[in-house]
Every structure is written in structure tokens, then in C-alpha cells.
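In C-alpha cells below, several structures.
Below are two complexes that have chain A in common, paired first with chain B and then with chain C.
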Partner chain A sequence: MTAVVGVGVWVPEGRVGIEEVGGELGLSGMQVKIFRRYHRLGEIARDPHGGLAELLRGALDGLDALRGQEHRVRYVLHARTFPTVVPYPHDPVREVCDAYGLGHAAVFAVGHHACASGLLALDAAGRLLAAEGDHDGLALVLTGEKTFTAEARLVPGTSFFGEGAAACLVAATGERDRLLAYASDLRGDIDSGDEEAALAFQRVYADTLAATITAAVARAGLAMDDVGVVLPHNVNRVAWHQVCRTLGYPRERVVLDNVAATGHLFCADSFVNYRTAQARGLLRQGEPYVMAAAGAGSGAAFSAMAFVH
Partner chain B sequence: MMRTFVPHAAADEAPAGWGVRRAARLDFPGPAALAADPVHTERLRVYLTDLLHPYGLALDEAALARGGQSYAEMGEALIALALPPGESVDLLVLAYAVPDIAPGRATTTRLSHVCPGAPMAFAVTDQAATAPFTALRLIRAYASAPAMSRALLLIAEQPSVPYDAHLPRTLPHTASAVAFVLGPDSPFPLTLPTAPPAPGRVGAVSPPAGGGAGGAMALSAPGEAGADTVRPALGGADAVGALIAAAPGPVTAILGPGLTPAAAPGAHRARTADPGRPTTGVWWELAAEVAAMRDAPAAAPPHLLVADRDAASGALSLAALTPALEAAVSGSQP
Partner chain C sequence: MTEQDTTAEAADPALRDRLVDSIRDLLPQVLGREVAGVTADTALMDALGISSTTGLELVLELEERLELEISVEELGRDDFGTVGSLAAYVAGNLLTEA
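Now for the complex of A and B:
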């Protein structure tokens, strides 16, 4: 059964206020005020000097579980919110893998689930290892992207993207953080980056994400009452409060600490929030928890995973 | 459509006889309909300009104006061609190397919406010609999950990249895509052979720059991919030869553009892919083999061995199919 062996994260120290980001994007003062006062957004993490490679290096530097185990890594999966993040055929992910002793691994990108691609990659990684019967092998899921263009800076009416990265080491079996179930709902009917699609996404967001979480939890043979904590994607507090109301789940048990401090870190949010929950002692041995993510723009996806710690 | 999964269990296996059921292929010589949309083109201009800026690269406006292809449009055409009325799939995987003209679009999510069965769908990329083989490994891995055994693999490429990245690249001569319908009880079971790791590579954590021992094999199997480990002049000939020798009958080798028939010693016949199809080439030829078998069934059809090598990394990937197919179709998009 797929298990998380370790998680390394990196969020650069640089911060930009949402007023500045809103100015870059041509948002009105009122729009920015709504983001700050209503959605409770504040600062966005950015690394003004580094590229994608530097983000991923930061996450790998924090992945202690990888040290000495590099030779066991069979696959490296970069989970993408945006399918194309560097000029073709530049491949900074491969360069980073070479530098970290992972040149022997099969390195590729998976995605087209928007910001839920990180959960897809985690499921795919464990499944690849298990299907090969490779119980000694490991897979590495990398997440994190640069806010290189307007589309990669703003989730219209919802959030701002920030820069950060995570590296998650995965095994086909293990006891530390075992994956129990995964649910995914793809909404290809929401397929453009225009305002209408953004509104459509917002209309279905709370109900669909709540249904996806419920589906993952039920498939794991659990009820929401069993779930100790939810590790969300960092869109905004209001959106999660709506999801909690729909689920009948206490909002205090959703790790929203990073929403106002970093922005929405593409596919890395759930992993960054894992480390936050770990630091706060919110992950208890034997207790189930949930990772959940959704993304929209040109193609919407809602995903959730149930784990036991 | 909500889909739920539990992790792969030890006893899980792909269903008996899982393999290729049908193949389809299409060329797309003209630009996508999306390319004629000025709103999209302006959005693409901004996206690419910002993508290129950190690298000190500039957009080629003339190339942008010529348009390009959309994997969503190509995928929709292939879905219609590969899946007859009443047939559906549980999983759709798109493999590609060259980005299309919608670099920010979750194309497979769109394809899931239009594909019969509303399949789980995702993309595999940034692995050059190896990506379709990795996609097949993933599809096979998911096939062991309940209600996930029927899948559609789409392999696509298109030539419009409106900038010079100052790195070696091989773009296709035309846009093309190949589809394979996969499922249980296939008359054409599929395997993805692996080979022993290259000598001296297991346990290495700091591969030497520029390659390793000459003549060692580099397959795309986990832990054995030789991206920067081995770049033999005749990568994997021993492994391919061993597979051919082990086949119970004659073997037709379908070789990627970078391979010569010498890479498949003992093959009854070798078919080399068009260099103008760097990603889809071997799959284009495989679809043709499938069509030929349909049109002229043989008493003892050959086994098929697909081999392709990533020109940049030297990694060799393999797929083996046993004969007899349900059907195949091919054509050209007007």
C-alpha cells in the first residue's frame, strides 16, 4: 500500500504584498481589498532571483529521507499545475535530478489536473512501484512552479499563486503515512481561462470539493468524524469555510496557517501544510487525515486523498 | 465523473490478456481551429513571452502567426476514430514531448469530458520519446484497479514551437497522433520488457557526466533508464536480441528513428520509423502493422517488438506485442 516516506518543503523568504501583486495584474483597489478582507489573503511568497531549479533544490535539501537512498529512486515525477513551465526543450527538473544523484531514475512530468496534479502524481508513483513489484524502490514526487506570467499569478476571484516547492518520497509499502484512498473528479466542461469559467468553477467549488473529500474518506472505509485534520490547498479561508460547512467538518481542523503567508503554492500546498501540521503536532499516530486540492483555469479538477499517519 | 481508487494491492494484476485492442492514427497537416482565434493567440503570445523572458529568449512572431496544433483537437479526432459507438474507456493518458499551442491548458481534463466513459485522464511529458512507454507502464499499473482496465493511450506531436531555445531539438515534420485502445481479453497482449541494469550503475549516486560503460544497455524501466548513465553507440542490441531470440515465432522489430536494424539482431523483419516523427514514429508504424494484420490475416503473424531511443539521453525503451488484433483504422485529417 502506497506510503509517504518523507516530505521536504521550501518556501523562499521573499514576500510580496497582495496589493503589489494586484497592481502587477491590473486589479482594482476594491478587488484587492476583497482579497485581503474577505478572502483573508496577505502576502505571496516569491523568489525574485531563482528559477524552477532553485525552488526544487530547496525542497530536496529539506528531504532528509532521501539521503543515502538516492540509488533506490526509480521514478521522479514533476507534478504540474501548468503543463508547460519552461521553454521547450529546457529541462531543469532533469538537471536537478542529475545534481542530486538521481540521474539513473526515469524523470518525467505528470499533470493536466491543474493544482490537483500533486495528488495524481502521488497515486501514480505508488502504483508504478507496486505494479512492478518493486518493494525496495522509491519514487520522488516534486511540486512547485514559478509565477512567471499573469495566468500563473492569479486564480481569478479566488487566490494568488505563490512560489514554493515540495519533494515527497513515496514507497509501494510502508507504515509511516499510508495512502488509504484517492478520489478525483475531472470537470472538463470548465475549460477556458475566461471569467465565465472562473465563475463556473466558483459555483461548483464547495460542493464538488466536499463531495470529493467525502468520496475519498468513504472509499477508505472512514467517516469525516474519523479524520483528524485536513491538509488543504491554500486558496483562501472563505472557500474552505464553505467546504467545511458543506461537510459539517470543524474549520479549526483544516490547516489554513499558510494561506495568508505564502499564497497558493501550485501543487505544493498539501505537502507544505503536511509539514506545518507535523510541526504543530496535528498528525497523530494511527489517525486518518486528508489532503485535498482543486484547480481550474483551462480544465478543472477536484481531488482528495485519505491517509493514516 | 467522480472516480475513487485504493492503492495497488500485492495480488492485483492487470486482467488476463490485457493489451492492444485497436489502433488509429491521423496526420493533421493544417493548423488547429484554435489557432484562428485572435483572443487565444494574444493569450498565447503573452504566455510564451513571459515563459521565454527569464531565459533571455524571444518569441518568433512570424512562427506564432503561422499557428500550430492543439492536442485537444487532435485528441478529439482520434477518440472519434478509435472508439466505435457504444464503446468507452476508464482511463485516458496523453503522452507528448513537444508542447502544443495551449501550453496552459489541462487538455486531458477536456478530453475526459468528450471521451465516452468520462475516463480518468492525465498527461505524461518531458521525457522525449520515452514518454509513451512510461504512459503504457502507468496505464498497465492502473489496469489492475477495479473498473480501470479499459484505456486509451494518445501519443501526439506537432511542429509549431515559435521560438528558438538555443538547444538541440528535433521537431516533427507534421502534426500527428496515434491512439491505442487497451483492455482485457485482447487478442494482442502487451508486455513492457525490462533488462538488467547496466553494469556498474546500481547504487551509483553520482553518474559520470557524458555517459558510462560503452555497450551497456539502457532501458526505460525503473532504475534502469540511462538518461545520463549510458549512451552506447548501439544501445541495447544485446537486450533486444535476447528478447527476439526468446520469442516463440518470427519477430517484426519496429525501430525508432535513431536505431538501425542492427539494433534488433535476429528480427525476421525490421521497420524503421520516419525521422520526421520523433515521438509518434514507432507508434505510427505499429498502427500500420496492426492495419496490415487486419487486412491480410496470416496463419502465423509475427510478434511485434517496439524499440525507441531518446536521442538526448540515450535511454532505450521497449514494448512487445503478441499477434492478432481486433481492428485498426487509419486516415488523414483534412
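Now for the complex of A and C:
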């Protein structure tokens, strides 16, 4: 079963207050106040001087498990919220792979699960390696995007996107951290960018994400009581409070530390929160935990993975 | 039953009635149109078309108008059921004396 060999993350030091970002996007003072008071967002991480390549380099520099193992990497998957992450014809993912000794690997993007594409990429990476039966092979999942358009700065009524990246080294099998189960609920009916679809997404969000988490945990042969910690996506605090109420799961065990400090880092949230949980001593050997994410764009996706550390 | 519900039910009924009046006064400003015949039983979403965002705007406008601080931490979809349920939530979640 798929195993996460190591996780490297990078969040740039630059921060912009949501009032400034709201001003850039033409939001009213009241709209921004709702984000700060109700959604509990505060500052957004941004690197004003670097591009996507610099974000990914930062994450790769923090991935110690990759050192000396580059030749074993068969696949590099860039998991994306948005299909287009840089202007044509730039290809920073390929450039970074060449610079880090990964030029031999098959490099491609994984998307269409919006901000849950990071979990999709983890699953795909493990299954690709397993299908080859090559137990020496590794795959690298990269996440992180630039807030380079207005659309890539705001999730209307929900969150602000921030800049940060993660690099996750994956093996087909292994003891730590072992993927126990993956569940994903795709809602193709919520498939437009209009206000009605956004409201439909909000209406089903807590129940559907809670059900997806429950499904992943049940497939792993576990109950929610067994789950030591949930590593969420950083959309906002209140959305997770609703999910916790639905699950009957203590909100204190959801790692929400980065919501007010960085904003929603596209597909990188769960991995950045993994490192935060690790630093806080929340990941204990042998204890299960959950990564969960959801997003809407051309269709909505709700995904969860159960792991054992 | 959540802690929030218990608090709301324990709130002063006279305060809740005053809040219903204030919400009724603020609705035209938040909705951008006149609304008639609003009572505590009027459904905010179904009858008046309030969205979650305009509902939050209503709460924060109420805070400014009454110079009160309201805890919005536990505010959920159910609290936006009717004018009365929102008033009950606010009455039970004041951080400053009304």
C-alpha cells in the first residue's frame, strides 16, 4: 500500500493582510470584515519576488528524503487547483525537475479535483508505482501555485488563496506513513462558476466532506475516535467547525493553525499542515490520522485519506 | 443539543424581541430593497432570500448599530432559519452587556 516517505514544505515569509488583498479585488469593507471575524482569516502568504519555480524549489530544498534518491524517482506529479498555473510557454515544473536531478522522470500535471487534486496525485503516484511492480521506484508529488490572477486570489465568500508549496516523496509500499484508505466524492452537478453553484457547494460542503472523511476512515477499518488528528485544507475555520459538528469530532484535533497565518495554499495545505502537526508532536507512531480537502470549479470534489504514522 | 442552543434559550426574551425589531429595521439596508410584514417567524433564507454572506453582513451591521460585540464563532446555518432564531442566537452570544 502507498507510503509517504517524506514531506518537504515551503511557505514564503512575505505576508499581506486580507484588507489589502480585498482592496486589490474590489471587495467591500463589510465583505473583508466577514472574512476576518467569521471565517477567521488574517494574513496571506505571498512571495512578491519569486515565481512558481521558486516556490517548488523551496519545498524540494526541505525534502531531505530525496537526497541521493533522485535516480529512483520515476514520476513527478504536479497537483493543481487551476489547469493553468503559469503563462504559456513557461514550464517551471520541468525546469525545477531538471535542476534537481529529476530530468529522467515522467513529469505531468494532475488536476480537475480542484484543491483536492493533491490527494488524487498521492493516490495516482502510489498506484502507478504499484502497477509497475518496481519496489525500488519512487514518485514525487509537488503542490503549490502562484496567486497570479484575480481568480487565483479569492474563493468567493469562502477564502483567500496564498502562496506556499509542498514536495511529497511517495513509495508503492512502506511502513511510514502508510496510506490506509482513500475516498473521493465527485459532484459533477456543481459544475459552473456562477453564484447558484457556489451556493450549492456551500449547502452540501459540511455534510459531504464529513461523509467522505467517514468513508475513508471506515474503509481503513477505523472509527473517528481512532483518528488522532485531521490535516485539513485551510479554507477557513468556520467551515471546519461545521464539519466537526457533523462528524462529532473535536475541533481541537483539526490542525487549523495556518488558516489565519497563510491563507489557503491551493493543494499544498494538507502537507504544510502535516509538517505543522509533526512540529507540534501531534503525529504519534502507530496512530492514524486523516488528510482532507475539497474544492469546486468545473465540478466539486471532496476527498479524504486515512494514514497511519 | 449544543451549548449554543442552551445559551440562546436562556437569553432574555425582552432582549430577543428588541433584536427582532433591530433586525427588521436593518433588513432593507442589507437586502437593498424594502421588505414588508416581517415578524420573528419570517424565514430569512426561504422568504427573504438571504444568503449566508448577507446573513453574516446582517449580524455585523447589527453589531455596529447596537454597539455590541457578538461572538460569531458558533453561528450556524440553523441560526439563519428565521428572524427570531437569529435574534435568539445574538441574544445568547453577546460578548458585551446589552
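One rule holds in what follows: the second predicted complex is superposed on the first by the 307 of 309 C-alpha atoms of A that agree within 3 Å, B and C clash if a C-alpha of one lies under 4 Å from a C-alpha of the other, contacts with A are read in each partner's own complex, and residues count from 1 in each chain.
To be clear about the criterion, contacts are C-beta pairs under 8 Å (C-beta built on N, C-alpha and C of every residue); 3 or more make two chains touch, one makes a residue touch a chain.
Quantities reported herein were computed from a predicted structural model and do not represent experimental measurements.
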Chain A contact check, chain B vs chain C, more residues touched by chain B
Review point. Who does A:94 touch here: chain B (first), chain C (second), both, or neither?
Key: first
Given the touch rule stated above, what does A:187 touch, chain B (first), chain C (second), both, or neither? first
Considering only touches as defined above, state whether A:176 meets chain B (first), chain C (second), both or neither.
neither
- Touching partner for A:199 - first (chain B), second (chain C), both, neither: second
Just checking: does A:30 make contact with chain B only, chain C only, both, or neither of them? Give me first, second, both or neither.
second
Contacts of A:127 with chain B and chain C, given as first, second, both or neither: first
Which partner chains sit in contact with A:104 here, chain B, chain C, both or neither? Use first/second/both/neither.
first
After superposition on chain A, the chain A residues reached by both chain B and chain C are none
Seen from chain A, its contact residues with chain C in the complex are 30-31, 33-34, 37-38, 157, 199, 202, 238, 241-242, 245
The chain A residues in contact with chain B across the complex are 1-2, 51, 70-71, 74-75, 78, 82-91, 93-94, 98, 101, 103-114, 117, 120, 123-124, 126-132, 134, 137, 146, 148-152, 172, 179-189, 191, 193, 211-212, 215-216, 218-220, 295, 297-301
The answer for chain B against chain A in the complex is residues 1-10, 12, 14, 43, 46-47, 50-55, 57, 94, 97-99, 102-114, 118, 120-128, 130-131, 134, 137-138, 140-142, 144-145, 161, 163, 165, 167-169, 201-207, 220-229, 312, 315
Counting only contacts in the complex, chain C reaches chain A at residues 2, 51-53, 56-57, 60-61, 72-77
